[in-house]
Amino acid sequence: MLAALWCIVQRDLTLAMRHRSDVLTTVFFFVIVVSLFPLGVGPDTELLRSMAAGVVWVAALLASMLSLTRLFADDYVDGTLEQLLLVPQPLALMVLGKIVAHWLISGLPLVLMSPLLGLQFGLSGDALWMLMVTLLLGTPVLSLIGAIGAALTLGLRGGGVLVSLLVLPLYIPVLIFGAGAVEASVVGMGADGHLSLMGAILVLALLLAPWASAAALRISVE
Amino acid sequence: MLAALWCIVQRDLTLAMRHRSDVLTTVFFFVIVVSLFPLGVGPDTELLRSMAAGVVWVAALLASMLSLTRLFADDYVDGTLEQLLLVPQPLALMVLGKIVAHWLISGLPLVLMSPLLGLQFGLSGDALWMLMVTLLLGTPVLSLIGAIGAALTLGLRGGGVLVSLLVLPLYIPVLIFGAGAVEASVVGMGADGHLSLMGAILVLALLLAPWASAAALRISVE
Amino acid sequence: MAEFFAMGTHGAYIWGSYGVTALFMVGETILVLRHKRTLLQRLGRMVRLNAEEQR
Amino acid sequence: MLDITNLECVRGDRQLFADLSFSMKAGSLLHLHGPNGAGKTTLLRAIAGLVLPESGDIRWNGELIRKLGEEFNRELLYLGHHYGLKFELSGYENLRVFANLSGFDVSEREVEEALRQVGLARCVELPVKALSQGQKRRVALARLLLHPPRFWILDEPFTALDVKAVTMLTEMIQTHVANGGMVMLTTHQHVEIEAGEIQHVHLGTH
Amino acid sequence: MLDITNLECVRGDRQLFADLSFSMKAGSLLHLHGPNGAGKTTLLRAIAGLVLPESGDIRWNGELIRKLGEEFNRELLYLGHHYGLKFELSGYENLRVFANLSGFDVSEREVEEALRQVGLARCVELPVKALSQGQKRRVALARLLLHPPRFWILDEPFTALDVKAVTMLTEMIQTHVANGGMVMLTTHQHVEIEAGEIQHVHLGTH
Amino acid sequence: MAINWFKYSSPATFYPLAGRISPWFAGAAAILLVVGLYMSFFVAPTDYKQGEGYRIIFIHVPAAWMSMVIYLVMAGWAAAGMIWRTRLSSMMATALAPTGAMFTFLALWTGALWGKPMWGTWWVWDARLTSELILLFLYIGFMALESAIDDPRRAARASGLLALVGVVNIPIIYYSVQWWNTLHQGSSIKFDGGGVQSSMTDIMLWTLLIMALACWLYTIAVVLTRVRSIILERESGSVWVKEMLQEKK
C-alpha cells in the first residue's frame, strides 16, 4: 500500500524533474503575479502594505489553480490514467499520491518564496512568519480541493477555465482565513482562531478529497 | 483570402458555441478574481477605490492568459493545426483568424462586463467609461501577444505555466498604460497620452504578432 | 582600515553590492569550468567504451 | 472463469448490443469481430470495468467484477487504443512503474530483458516520446512479458506494428494461452493465431 | 513532378537517413517500406513541408517546395497519424471547413455524397468524437473524395479500418493514380494495390 | 585578404579557435578588474553630494549596460541562426543568456542597495526599474523555454524567436528615463558624434569605462568557454568530436 503511494509520488516527482522548468515556472508565475499588482495599483507604499496579505494569497490561489489542470490531464491523454484505474490498489490512494506530488511541486515552493515577496510589500517579521505558516496550512488544502475539480473537468474542452470556476468558490474560505490571519498579525492581534480553523479545514479536506476525486475520475474516464 | 479568414473565425466561434460554458467561464473567472480582492483585502472603501483599476486590469490579464493555452492546443492535439499549415493560404492569415476568434470569445466579454465590476469598487462614470475604452484597446493586444507565447509553448509539458512566464512580461506595458489611464481619470486628469500609446501598441502588435505566431507554429509543429 | 570598510555610513550597501557581484562572477566562472570538465570526462568515457566495444 | 450474461451497452442514445452472453475459460482465446463502430472497444472496456454497462452481468469466477474491484484488477491486463505510457519517461522507467504499482518487484535485468525481447535494446534510455508509432506500441507490449497476469484484453494490438513485431506478438499470445492464460482481442488485420481453443464473437453490423 | 535529392533527416541527435534520392511522376504510386522507427513518418512529413530536413532538396516541378509554399499546398493532401478532425464538429462540418479553407466551395450535396461513399450516411450529424476509431478514420478519408488535389501523402491510412473500408480505400487510390494523380503511402498491413506504376522505397533497418 | 567568415561559423572550426582565444580575454579581464577596483576604491574621489555611497556606480552601471547589450547580442545571434540556419549562432545565443541574466540581476541588486541610502527605499515601481525587471523575466523565459524543449533544433529556433520578440523591451529600458520623469536619474554619459560627454569628473568616468570594459572581457571569456561545452554536447555524435577526444587520450 504505502509502497504504491510512494511509487506514485516518486513517479510524478521524476516527471516534474524531467522538466525542471515546471517547478520553476509555478514559482515565477507566483512572483510575477504578485509583482503585477504594484504595477497596476501604483507605487504608494502604505496602500501596498495594506493589500499585501490579500495579494499574496490570491496569487498563491491562482498559481496553485493554474497548475491544477496538469494534475490529471497528462495522464488522461496518454492513457496512463486508465491504467491507474486498473491497478490492483485502492484508487483513492493513487489519487492521494498524485496530490502529494502536486503539492510538493507547486505548493511548497510558494511557501518558501513567500517571505521574499512579503518583504517587497514592506511586511514586518511577525507578519512574514504568519504568512508562511498560513500558506503552509493552506496550500495543501488548495491541492486537495483542486484535485476534485481537476478530476471532474477532465477531458472537457476549456477545462482550464472550468476548473477555476468550480474550485475558486471552494477556495474562498481558505483565502479569507489565510489572509485574515496575516492581517490580524499585521495589526498586532492574535490569529490562533484563524489558524485552528485552517487546521480543521486541512484535516477535513485530507479525509474527503481523495475519495471524491477518485469517484470523479471513474466518471470522467468512461 | 478574406473568405478563408472568415471561415476560420466562424469555425472557432462555432466550436466555442458548442461549449457555451467556455465563453461563460472566462467571464466568470474574471468576475471571481475581481471579487476575491475585497475578500482578501477587507472592506475599506477608500482602499478599494484606489486599487480598482489595477485589480480589474490584472484580472483581465489573467483571464485572457488563462484562456490562451487553449488557443492552439486543441488544434495541435487533434492534428487540425497540421492541416492548417498545409492549407493553400498564408499561415499568418489563418493565425490572425484564430486570434480574432479568441478575442471575440475571451476579450470582448471582459470589456462588456467591466463597468459592472468597476461599480462594485465605487468608480465614477468617467472612470468607468475610461476603464471600458482602455480594455477595448488593450485586450486585443493581450490576445495578439499571447498568441506568440501560446504558439511557442505548444505541446510542451507545463505549457500553461510556461506561457504565462513568457507572456506576462510583455503584457506589463499594456497593464501600466491601461491602469494608468483609468487612474488618471479617477483623479480627474486627462489620459490622452496613455490612450494614444495604447493605440500605437495595438497597431504594432497587429502588424507583428500574426507573423511571429505563424513562425512559432511552424517550429512547434515539427 | 576600519574606516575604509565603513565607507562613511554606506559600508553595508557598498560591500553588499561588490560582495554579491564578486560572488556571482566567481561562482559563474567556477560553474562553467566545472561543467566543461565533467562534460569532457563523460564524453571521453563514452568514446572509450565505444572503442572498446568495437575491438 | 469469465461469464458475460445478457450484457447491454449504450453509447450516446444508441444501443450498441444487447443480450450478449458468452463465457471464457482458462487457456482460451476470444477473438472479437465486427465492422467499424460495432462496439468492440466499448465491450472490451466494459469487461475491464472502465465502462458501466446499461444492464447485464460480468462475472469473474462467479463474482461480479464490480464487487471484486482490485481483486479483479490483479488478474487483468488491458491494452487499449492509448499506449498508456508516460511520454517523458523512458521505456525502462515506464515498465518499472507499472510493475511496482501492480505490486511486484522487478529487477533491472528483467525489465531490460523484456525491452530487448520486443526489439528495443537500443532505445532503453530514450524517453518514449522520441520513439516512432510502432516503437511506442512495442514498449506497451513489453508489459506482457513482465509477470503478466492471467487475463489479457488487447484492443487492436497489431496497429502500427511491422511484420516482425506482429509475429512476435502472435507468439506471445500463443504461449500465454498455452500456459493457461486467457486472451481477448480484436483486430481488423488478418493475423494467424494458433491457440488451443479459439472462440469467435461477432458484434452485429450496424 | 516530385524530385528528392540527397535528403537527410535528423531527429533528436540520430540521423534517420541521408543521401536519399528518388523522383515520382504523375500517375504513379510510391510505397514506402521500413521497420518501426525507420523514419517513414519523418520522411512523409518532410515532403509535406512540416519537418525541416537537415540537408537536401525537395522539388516540385523543379521548384523547391519551401519556395513554393502555398502553391505546393494547393496540390497536396496529407493524412497523418492524426485524424486532423475537430472532434466537436460533425463529419459534415469538418469536411465543409476543409473545403472552404482549400479555396473551393462545395455544395451540401457533395459533402453528403462523400460521407455516404465512406459508409457514414447515418452519422453525418454526429460529432466526430462520438464515432469509433474506424469511423473517425473514414471521415478523414472522405476528404479524398472532395475535389482532391493531385498529390496524396497517406501515412498508414489502413489503420483501424475494417475489411470493407480497406477495399474501398484501395479502390480510391487506384482510381486516383489511373487518373494521373500521385500517391505516396506507407503501411505495415498487407494490401493489394494495382496501380499503373508502383515504386518501392525502402528505408534502412535501424 | 577576405576572411571566410562562414568558415568560423562551423562548430568544428570555432571550437579550437574559441579555446585558443578565451584565456587571453580571461587574463585581460582579470587585469582590468584589478585596475578598475583599485581605481574605484582608492583613486576616485569621494562624491560631494552622495559621499562614499556613489561608489556603487562602478558596478551598477557596467552591470546595467551589460544586461542590455548582452540581450541585443543574444537576439542578434538568434536572428542570424534563424536566417542562415547556422548551428553555431543559436549555440552562442544559448551561451549568452545565463551571463546576461546574471548581469541583469546584479543591476537590480546593486540598484536596490544603492536606492536604500539614496532614495530611502529598496524598490520603487518606476519605469526604468520595472523595465529592467521585465528584462530579467525575458532572460528567464528564454532559458525556461529552451530547457523545456528536448529537441535541440526546435529549442534553438523557438527560443530564438522569443529573443527577437523581446528586443522591443530594450529601447523601453533605455529611453524610460527620458519618456517618463522618474526617480531614476537620466543618462549622464551621452555618445554623440565625436566624443563622449559627461557630467562626471574625468577620473570617475575613466574608472567607469575601465570597469565596463572589464565586464565585457569577462563576458566574452565566460561565454566562449560555455559555448565550447555546448558545442561538445550538441555535436557529441559527430566524427570530429570523437576524433578530438580520442587524440586527447
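Annotations for the structure displayed:
Order as written gives the chain letters A, B, C, D, E and F; numbering starts at 1 within each chain.
In this section, contacts are C-beta pairs under 8 Å (C-beta built on N, C-alpha and C of every residue); 3 or more make two chains touch, one makes a residue touch a chain.
Here the structure is a predicted model, which is why all the values come from computation and not from measurement.
Via touching contacts only, the remaining chains, with chain F excluded and nothing moved, are grouped as A, B, D, E | C.
Relative orientation of chain A and chain B, expressed as the C-alpha superposition rotation angle, is 180° to the nearest 5. Counting C-beta pairs in contact, the chain pair with the largest number is A-B.
Comparing mean CA positions across the assembly, the chain most remote from chain D is F. Shared residue numbers account for over half of those found at the interface formed by chain D and chain E, and the copies are therefore classed as meeting with the same residues.
Taking the mean of the C-alpha atoms as each chain's centre, chain C and chain E sit 53 Å apart.
Chain centres here are Cα averages; for chain D and chain E they lie 30 Å apart. Mean C-alpha position of chain B lies 37 Å from that of chain E. Residue numbers of chain A whose C-beta contacts span two or more other chains: 15, 18-19, 21, 25, 28, 32, 39, 42, 74, 157.
For chain C, the set of residues touching two or more other chains is empty. Residue positions of chain F with contacts to 2 or more other chains are 130, 137, 140, 144, 148, 150, 236.
The touching residues of chain E, when paired with chain F in their complex, are 10-14, 52. Across the interface of their complex, chain D is touched by residues 3-4, 7-8, 11, 14-15, 18-19, 74-75, 78-80, 82-90, 94, 221-222 of chain A.
Within the complex formed with chain A, the residues of chain D that make contact are 48-52, 70-71, 73-74, 76, 78, 80-89, 93, 97-98, 100-103, 127. Taken together, the chain F residues at the contact with chain A in this complex read 121, 123-126, 130, 133, 137, 140, 144, 147-148.
Of all residues in chain C, those touching chain F in their complex are 4, 7-10, 13-14, 16-18, 20-21, 24-25, 28-29, 32-33, 35-36, 39-40, 43-44, 46-48, 50-51.
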